[in-house]
């Protein structure tokens, strides 16, 4: 195995070694910055579509007990481009059916894999698995609870596109009541003194406790149902999918869907530097005519997702790339 | 990443770089010859079961929305033996269920993979996906429409076994009405002045429009239901599976099945140089007693399928192997 | 490809090249010892989580027609850590549905893979597939018949933990009537003059014919339903799962389950050198409080399973590692 020089490894990166990535709440702004700097140094491998030997000899186990093609492929691509290998479990085809505890399963998969990325429809199952595991476990989404790597890639995309994270004005649009991606992003953005504009139909407003949490953290947050006015002075517009199942009837759903749809007309008057983001998959929330607009950043998010997962895999495995020379703190 | 010398790269091979492989109709005889020559140069890697670094650092995404073990494993083996990596989506476990457009999915998977091979039960879906993709897309079968790599591997097998493609007498046997593999092969063989013998039960004859197309192209085609006589002077016999579902009752099916079955008795009087081919899987269309006959070439087709897919992957990725020295035009 | 020196290859290891691994009955104690010695030499790659180029350029095909996450991941990890590649078929997503014979499937998959590991719910299907295959086939469990690599890893674990195989006193606990893993282990242990203590509820006793077989082979075997007394002078306690479906009612099941459960109290008076093993997954047969006890060896079995499969893959592929210097016969 190629020796990985650790001369450039700071204490901050060492802190990550063998650590689980279960919740964004476990990371301070300084930890997130470490992840982003490692991501920056690995980005050429992802975008240049070259290979690396950084993770050579290591195995990532992706345990996906719920379909999530995008997230699984992102983790697997990250590992493969770093020269590692992948084993996977998809669907319900696992020993879980035979009644094995998640704890035992974590211990067993540790005998195969050096890092585990797990997706499960039930909240906190990934914590259970991690208790048995002897290798780092990354939460790839545990039901209604969290999807921390999504929040990290969203934040990384904002940092890249806006060239800063502090003091941004961020609009969140769509289903703010149930949307897990929006909730996690709000929580990490709160670390940076973000000013929130919460744009939704009255029936899909942000939960009261999360709104209070924001205010406790000193963040400014206004609620509105008027997309056209709200969009004018935003730095970021984060759009989420409104699910049909949330509405009592199809007529209400169609009306809300049309009212909160982002198209070129909606974007009139928005800033030239606006970042339009969406966790994908999208249906009609963003019209396809917007795709060609330079402000449309959804596919950047997908590419950045691979880079962020490269950084996380390298960090938890202790395979930290050499610090690039002359790197400046952002 | 190992540098790939491009000194031996002709304009013909460069034409393929970043190109989609969606339909055999997009390729002239000269293009097919380029594919076959690249395949010839890569064959030792496949048959010798050695490894290569030609595709090192690249990722193939296999998207199979319909089971097709043979085709998927063939693509994956081709990529792995060339030193590349594979990510895959099998079944319906994809974001498609959430209503994402194929266009968006193509764009998203492009963020992970450098080449995509897609199988789908519905015609032209692969074209839709390719519109969103920023990387080359290879059609691995799109329902009733096409399976171009099957036609290419069939043609490559004929070229290897008969040592020429021009002026052959080719018999097609079985389900000529619905058989996609037979239709595609007929269309590419028509480029070489092939003389066709169409052997089928009257209810499973070649569609009229395809027969007219052949004649417009100047090909000779005779229809017959008499396998025993027809087989006498063939260079190639391409057998296809007759599906039970095509018949009003089981008695008719059994009768047709037995009448058009190829066994050692059927082969009496056939040429020593005959190539017996079948796209597989086979049921009883070719008796297992034929397997030991040197004219039986079905498993050669499977091996050649890996070689052809190696060539296609290398060509569309622009990773063209050096032209072998002293190569002669066939 | 890195040259594999064969200077250290004994005749014993050469015997394995291109051989199928279908039944433990095909191997003499001397053959098993060869496997274990190769496993010993490969163990540092597994436990050290390093990489190797021993299987570079080779492809393992895992055909799993029945879910068995643990076994599949074990084979795949073994292949990947040895530098090889993996293609897989999981579930029923195969051409089998189209009526292809297992013989044809074996021949076809041989065109892709250099070694095949197959799991199937039906006994002797793997033998059928191996008849068509031109590459070595390893039985990864064929229904009620056998799971030879499980027996080998169990034996390897006992050999490591007890530092010998001859003349041990081995207790088998749980479902001795239907448990495939227990039956296979008993058969291989019989090669070493093992003294058996068969501990089960009267309704789950070892089949008469297997008991007679043991006695014919000169092994001592006593049957008991008293776990507490039996455990006192055992070297090994092999626990198996008792399945609810075996009992006429839930009350009986619960009673048997509790009576034969291994917890810290059960272990009072057991030897300090006892090895507690279980083929996993476990439900309650071994209390989780036992996990911290140094005698608990179930997760060692999982790790040893990877090592054993490394050895088998290398042996059947003829990629035998150099014999370590100064190795002593055990």
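By written order: A, B and C. Residues from 1 in each chain.
Keep this in mind: a contact is a pair of C-beta atoms (placed from the backbone, for glycine too) under 8 Å apart; a residue touches a chain by one contact, two chains touch by 3 or more.
Everything numeric here is computed off the predicted structure, so don't read it as measured data.
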item	value
Rigid-body rotation angle, chain B and chain A, from Cα fit (steps of 5°)	120
Chain copies touching (chain B, chain C) - same or different residues, decided at half shared	different
Inter-centroid spacing, chain C versus chain B (mean Cα positions, whole Å)	41
Sites on chain C at which at least two other chains make contact	90
Contact set on chain A toward chain B in their complex	49-51, 67, 69-70, 73-74, 76-77, 80-81, 86, 90-91, 280-283, 288, 299, 302-303, 305-306
In the complex, chain B residues that touch chain A	1, 56-59, 61, 85, 87, 89-90, 93-95, 97-101, 103-105, 107-109, 111-114
